[in-house]
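The structure appears right after this line, and notes come after that.
Order of writing sets the chain letters: A, B, C, D, E and F. Residues in each chain are counted from 1.
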Amino acid sequence: MKAWFPAPLLSLAVFVVWLLLAATLDPAHLLLAAVLAVLLPLAAQRLRGESAGIRRPLLAVRLGLRVLGDIVMSNLEVAGRILGRESKIHPGFVWIPLEITNPHGIAALAGIITMTPGTLSAELAPDGRHLLVHCFHLDDAAATIAQIKQRYESPLREIFP
Amino acid sequence: MLEALLAIPFVLALAIGLLPRERRRTAAWLAGLAPVAGLVLLALLTPPVLSGEGVRSLTEWVPTLGLAVSLRLDGLAWMFAGLVLAIGGLIVLYARYYLSEEDSMPRFFCFLLLFMGSMLGLVVAGNLILMAVFWELTSVSSFLLIGFWNHRSDAREGARMALAITGTGGLALLGGVVLLGRIAGSYELDVVLAAGPQILASPWYPAALGLVLLAVFTKSAQFPFQFWLPHAMAAPTPVSAYLHSATMVKAGVFLLARLHPALAGSDLFFYVVSGIGAVTLLVGSWHAIFQHDIKGLLAYSTISHLGLITLLFGLSTPMAVVAGLFHIINHATFKASLFMAAGIIDHETGTRDMRRLGGLFKLMPYTGALAIIASLAMAGVPLLNGFLSKEMFFTEALEVEGHQFMRWGVAAAAVLAGAFGVAYSLRFVDDTFFGPGPLRIETTPHEPPRWMRIPVEVLVVVCLAVGIVPALTIAPVLHAAATGVLGDDVPAYSLAIWHGLNVPLMMSLFGLAAGIALYFGIKRLIDLYGISYDSLGRRVFEWKTDRAIAWAGRLTATLENGSLQRYLGLMVLAALVMGATPFLAASLSPGGSQPMPPLGWLVWAVGVAATLATVALHRHRLLALVVMGAVGLAVSLAFLLLSAPDLALTQLLVEMVTIALMLLALNYLPEESPVERSRLRRWRDAAIALAAGGGTAALVHAAITRPLDTVATEMLALSLPEGGGTNVVNVILVDIRGFDTLGEITVFGVAGLIVHALLRHVRLRPERVVDGTPDPLLIPNLVARLLLPLALAVSLYLFLRGHNLPGGGFIAGLVLAVPMLLQYVLSGTDYVEQRLGFDYPRVIGLGLAAALLTGLGSWLLGYPYMTSHTDYVAVPLLGKLPLASAMAFDTGVYLVVAAGTLLMLGMMGSVRAPGARRGG
Amino acid sequence: MELALSSFIGVLVAGGVYLLLRARSFDVILGLTLLSYAVNLLIFSMGRLVVGKPPIVAEGLAPTLANHADPLPQALVLTAIVISFAMTAVLLVVAIRSRGESRTDHVDGDEPRPGDGP
Amino acid sequence: MSPHLVVAPILLPLLAGLLLLVLGTRRVQVQRWIGTLACLGGIALAGALALQADDGGTRVYLVGNWAAHLGIALVADRLAAIMLLATALLALPCLVFAAGGWDRRAPHFHVFFQFQLMGLNGAFLTGDLFNLFVFFEVLLIASYGLLLSGGRGLQMRSGLQYVAFNITASTLFLVALGFIYGLTGALNMAELAHRVGQVPAAEAAPLKAAAGLLLVVFCAKAALLPLYFWLPETYARSPAAVAAMFAIMTKLGVYAVLRVFSLVFGAEAGALAGLAWPWLLPLGAATLVLATLGALAAPSLRLLAAYLVLGSAATLFIALGLASADAVGAGLYYLVHSTLVGGALFLLADLVRKQRDNAGDSLRKFDRLGPKALLGSLFLLAALSVAGLPPLSGFIGKFSLLAAVPEAHVAWLWPVLLGTGVLTLIALAGAGSHVFWREGGEVPAAGRVPALRRAEVGATIALLALGVLLAVAGGPALRYAQDAGAQLMSPAGYIEQVRGALPRPGVSP
Amino acid sequence: MIETCLDITLGLFALAMLLNLFRLLRGPTLPDRILALDTLYVNTIALLVLVGLRQGSTIHFEAAVVIAMLGFVGTVVLSKFVIRRDIIE
Amino acid sequence: MSALMEILVCAMLLLGGGFALVGSWGLAKLGDFYLRLHGPTKASTLGVGGVLIAAMLWQLVQGQPSLRELLITLFLFMTAPVSAHLLAKAALALDPASRPADPK
């Protein structure tokens, strides 16, 4: 099984993407999608290092939904600030110490930080243990760090052990 | 037989030319064979010639041009052929002993026979164009002969000068004979000669005459072209003896004789030809007196005698023609012998400078005697052949008709030239064989080898024989030749030595006396040895050619200054001129327009603003590149809004790859363009650019507001039924105009190969190197790797449905290549290629093969290349699937595009800095 | 609409020609890129301007120019895009090689000397 | 003969090219064989087409089985056959010459070479204006490859200029094509000819402008004043075998002018008839004069050859400008002649360059030349021919052109033709005398100068021998060319045959 | 109603794109311009979808997918060039 | 039902357009690059997302349900952070002074 589906999630993604593109549930396309779901990740496998290996899919889904919600909410906040007086914005950089070690997890964290408005991951420190984050409005650095670690990093540590 | 006569020298020349250098004797024997065999053949051909009917042969060459290998042996040709062969034979014998060990005998005889053949061809040609052909061949082969001692600069220069002058004449001759042929309606000599009155009456006559005379005067060294001949004396003496007695220079007067029936008879001919002849006669003979080099003296003497012959042909009376022909023979014999004698003297003493020579008669009395007799013939002393023709000349000079000035002038010139001729002949004899000397000679001169002397003896005997018993010797030859020129108009003439005590004889005697007096007078009055003429003609010629070459060089350098800016500017200007010219005479009414959709203004604003910003920022390259990205986006959007989804997709994808390529290149280029110094140039370019832009816009507007009746109507209708696809653009690309696409992917693949060829193993120094190790870019990297299989799916999808909806091989290929580009950017070349090491050139080949072979499939069914074939194949579970051959073709496109793009990107990315190690 | 598109093409041509006549290889390449945009739009526009009618035939829609944009210029432009992309790639490589060989990116291979006229 | 004969000259080099790619670049000997066989095949195909075309017919091949006005029609007539044959005959010696060693130094040489042939043959055969553009691009990109691969130093600079110049010209080509389509609605040349003929005089101006742009493009390729300045240096800096192939490249521009402006804007073009000719005659003459002056001042043998090739293209333009069947016929004969001899001159210049240790092919410096007799004889032969001296092909070409000049132009055109002939002669005599006669310096030590390679010498001799053959067979060759000229000057037959060609029925999805 | 809404939304996006254009032309820094270009691309996606809805066709879908999937490539290579100059190391 | 859906669609459209405009407004207005970076990379993404949801809803209303717009959303949400991240890195690289010191 592992040989055929080195990255099951990716295979699933390919399968879904194909059906979405073809916009049909035709048996021919289902078959084709299945074939591609095997072949394409295998082909891409040659380029990828280790695969992501997600542990807790349900938690991942929950995290995803939380992120979506956060995106909407904080977007509203940032929109307000953009439309308001610029002098009231206090931007700033902050280094977030990382406990997560899985590179996929770090990538996901950085992506989430960037996608959620108000924060933006700029750099992974050379030691790989800190993430440089730019905050649109930084009132309390410690609180921001804590919030990110609690809301995103700890679920991610479970998903990408 | 005539062909054989002509072919022999050429065949033997080729044979000799292939001999190795050491085969001297073989070369000489073969060379001797040519004139001997030629003379035998000529003898066999003699009866019909003497009977007046002549010999003819015709082989077609280029019939549409009227150019034929038409040979014609009449009396004139026969006489000349005899001269060429007979004297040629003697020259071969002489040269056999003359040439030294350092000279390559095969090469010499090869050139000599080439020349002999060309000369023969000239005289037996029965077609004007063929005549011009052989005429130029004599120029070329004489060039080789004159330049034979090419280690000497005088030989090289003399040869080049001779070729330039006589070659020019040859091209003039070509022009002249083409004109004559146009007037006469044929190039065949028989026709042309019969068309004399017609030619004289033609408005083109002066031009034709002028061109032919240019050829004659250059070849026969007539004033003012005479200067090349003395410089041709740098040739080995056998060459001079041959070229300047019987052949090369005689070609000119031969032509005069040959075309006499067609060209003579006008005042123009009379005044120009006899005038030039008279001037040359005087100039040549006067200069001859003051030469120090024996060959120089003989050269100027030759010029003068040719002037005499020219003058005679100019006079144009039948008797003058006879005299001219007679003198041609006589001059050939005595001048050839004199040149050979000069060669012997040079050979024995090592010099030809008469200031150092003298007293040789004691040392080599036999040669001396021969030379003295020949000189006397040259001086026109009775009992020698020169006397007879000179007498005839004097007779004619007294009977000149026309302008009074001409009558007196010719008579005076005749007497004066006679005296000069005596004087230089005397100088030659006196300065060489008598008086003090020889001076500063290393060896003691003695008589030459017996075989070397024989040619001189033969010629001197001829001089004597003709001079004493002309009726028995030369009369039939002369008669035959005269018949060849004059036909039935040959006048009655007598070749006796004694015509009574008449005016011509008095003139001869006076000339003799005056010449002797002149020589000794001059010798006493002025220091002959101190006079040195620098040839004015040569100075002018060289100054002119040098100046011309220098001027040509400057002009060329001015035009082609190596500036791409100029070349491109000129192209734009040329386009402007050609685009604007039609509107000078016409105006255009604008057609109807459609309303602008609101989004159109957005696209317009983005596009125009970004274009202007690109130009404004162009010096800051990276900025310009970013801004230009928006131009590309605007163009894509325009395509999308205007119903061209395939175009939009392609433009977007190409844009991405282009930006990447430009950035890759920018790493090795300066970041900024320096400010150009010339403000004027910037304004000028801006003006050109505005004109180009304005003109294009106006023309586009004019075109697209007009109705169009296009073949595309049929394409839309046929796309589905005949092409099997609903996306008409794709059907056009892979089927209707699939041949374009085949070419297009070839271009693409080759571009990839060029990048490969140019960057393989190449090291280039980057403009600036950023310190530190490359950032692993972990986050983008992981995203890109996740994206890759998804992008592959999209790519395949776009490929499979391209025939019916936007997509197709090209777009799909790029959708595959762009995420791969991302891998290259984020992971590096080495990483990607270690894992995915495709042999991209081979994949390009396979893609092309797919495209080619799909097209070839239709041959099997008897249809033209690339006829598409669509079939529905029933597959269990899946139902009927369309299998279009066009799809297979598109696979080729897909492969070539993907592989080509990746090859370019990979090669650009794998360039290393000098000194960097691979994998660093 | 026609005026807008032809003026856009005109601006692209003017900008392209101006950059084409610059002395540095990269500027020339930028100019050629602008020109190729212009050419693509030009050829495309020769099929006349049609909004919202892509040349994809469908059942129930007569395959005529009344219902579809002219597909032929589109196909020509596709070929032209591809070819000009290939050419640009080659020119870029030649430009960097030329710069590598002569240490200047001047198109004439020489840095202009002071006093050189146009 | 098979109807597919018409498309075969395009497909054969493509096949060879992709075989070379698929087989890889490792074994050069295999590559040479593939290339040589393809070139031999090309000669056979071109010869067969030439024989076939001599019945005066116009063979139409509908690629993809689409009617000519929709799809792409290939057309083989006498003109196409002449061009194909000239290309094929030039190509084989050039390839053999390159196989003397250059092909090892230039990556992908054989691939580029075959694709260039494909482009050339396609350009000569296609009856479609846009397809002509595509094949122009194929041969141009291949020529970039040939020119640049293995090059260094100044070659890169002149390569940059060459590429940039040609891309600009191609861009202009596209502009002209766009307008022509936008104003007529067709791309097939016969169809265009038909449609152009119906354009009323009052509406002709935009189309005239488009045609004018097209003329600029072709003249830029053919190097006509004022668009030739890039040519001499580029050609002189090219590898010999490539430069020799370039002898046909300028002719391609001439061909395109001849084809398009005799067919589309030719006798049947109504208000636009004879559009190009008035421009060509004076510009051709001026180019000829300037090229000859360039030759006179050329500092190296290769530059000299480049100027002579330039001059030969200019001579062709004069022939076209006269726009009569005879003149065009003379021009076509001259075209073949100058292609062969021009190619030979480049090869010869390279042989000399390699044999002169220090001086190279310079006409300013001097040096010893080893195998003088052989190279000198070859040079003499080439020089005679190129200067238009008898009895070689150049003479027949020049003479037939002189003969075709109508009386109205004799007074100025003959002096130009004859005068440039004289100057060419002087230039060649000077160059030959410098290289082969004026020697200096030490005899190079053994091993300093490489021995002549048999392949290289043989290729040069072969090209010159072809020139001689062209002179010997002057009668039939000129007759063929003049028939081609007549065919071109009355294009009605071509138009009718192409427009009337029907796809083979029966195949469809 | 939906058509009006679509037109208004199109107007909003068009306005947004004009603002992007302003930043693109204005700079001042290089990342600003890259960012503006990136945003132009992103807004274009919406524009395409909206035009598709407005015209009732799905013909712009592919373009939208391709921009969404690969539109950031330009940003990646430009940023990489700013960071390292050598975009493929 | 359909009217409600229509209102929902309109709301999504206007919300999306509004977010996109605000994001771009921020890009145009704000004074500091890092601030400008926040606006478009997120607001625009969300704005486009809103439009895509509206599109899917609308197609549902029209009886041609399609999930294809999800694909666009997926790709956009995957790639947008990468752009923002790299742009921030680029700005840091161009102006190293704005970068805070390495931790510890």
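Things worth noting here:
The criterion applied here is as follows: a contact is a pair of C-beta atoms (placed from the backbone, for glycine too) under 8 Å apart; a residue touches a chain by one contact, two chains touch by 3 or more.
Since this is a predicted model, take the numbers as computed values, not measurements.
By the document's definition of touch, common neighbours of chain A and chain C comprise B. Touch-path distance (fewest steps) from chain A to chain D is 2.
Of all the chains, the one whose CA centre sits at the greatest distance from that of chain A is B. The chain pair B-E and the chain pair C-E differ in C-beta contact count, and the higher one is B-E. Centrality annotation: D (chain centre taken as mean Cα position, compared with the mean over all protein Cα atoms). Between the Cα centres of chain D and chain F there is a gap of 58 Å.
Averaged C-alpha coordinates give centres for chain A and chain B that are 75 Å from one another.
Centre-to-centre separation between chain A and chain F, using Cα means, comes to 15 Å. Chain C and chain F have centres, each the mean of its CA atoms, that are 32 Å apart. Residues of chain C in contact with two or more other chains: 20, 25, 28, 42, 45-47, 52, 54, 56, 72, 76, 79, 83, 86-88, 90, 94-95, 97, 100, 107-109. Counting partner chains per residue, chain E has residues 10-11, 17, 30, 34, 59, 65, 69, 71, 76, 78, 80, 82-83 touching two or more of them. Contact of a single residue of chain A with at least two other chains is seen at positions 17, 21, 110-111, 121. Listed by chain label, the pairs that touch are A-B, A-F, B-C, B-D, B-E, B-F, C-D, C-E, E-F. Against chain F, the residues of chain B that register as touching in their complex are 770, 775, 777, 779-780, 783-784, 786-787, 790. Considering their complex, residues 130, 134, 137, 141, 144, 148, 152-154, 156-157, 159-161, 163-164, 167-168, 170-171, 174-175, 177-179, 181-182, 187 of chain D touch chain C.
Contact residues of chain D toward chain B in the complex are 3-4, 7, 11, 14-15, 17-22, 24-25, 61-67, 69-72, 106-108, 111-112, 115, 118-119, 122, 130-131, 134-135, 137-138, 141-142, 144-145, 148-150, 160-161, 164-165, 168-169, 172, 175, 179, 181-183, 185-188, 191, 202, 204-206, 208-210, 212-213, 215-216, 219-220, 226-227, 229-230, 232-233, 290, 293-294, 296-297, 299, 373, 377, 380, 384, 388-391, 395-396, 399-400, 402-403, 410, 414, 418, 421-422, 425-426, 429-430, 433, 436-439, 474-475, 478-479, 482, 504, 507-509. On the chain F side of its complex with chain E, the touching residues are 6, 9-10, 13-14, 16-18, 20-21, 23-25, 27-28, 33, 36-37, 40-41, 44-45, 47-48, 51-52, 55, 58, 66, 68-69, 71-73, 75-76, 79-80, 82-83, 86-87, 89-91, 93-95. If you check the complex, the residues on chain A that touch chain B are 10, 13-14, 17-18, 21-22, 27-28, 31, 36, 40-41, 43-44, 46-48, 103-104, 106-107, 110-111, 121, 124.
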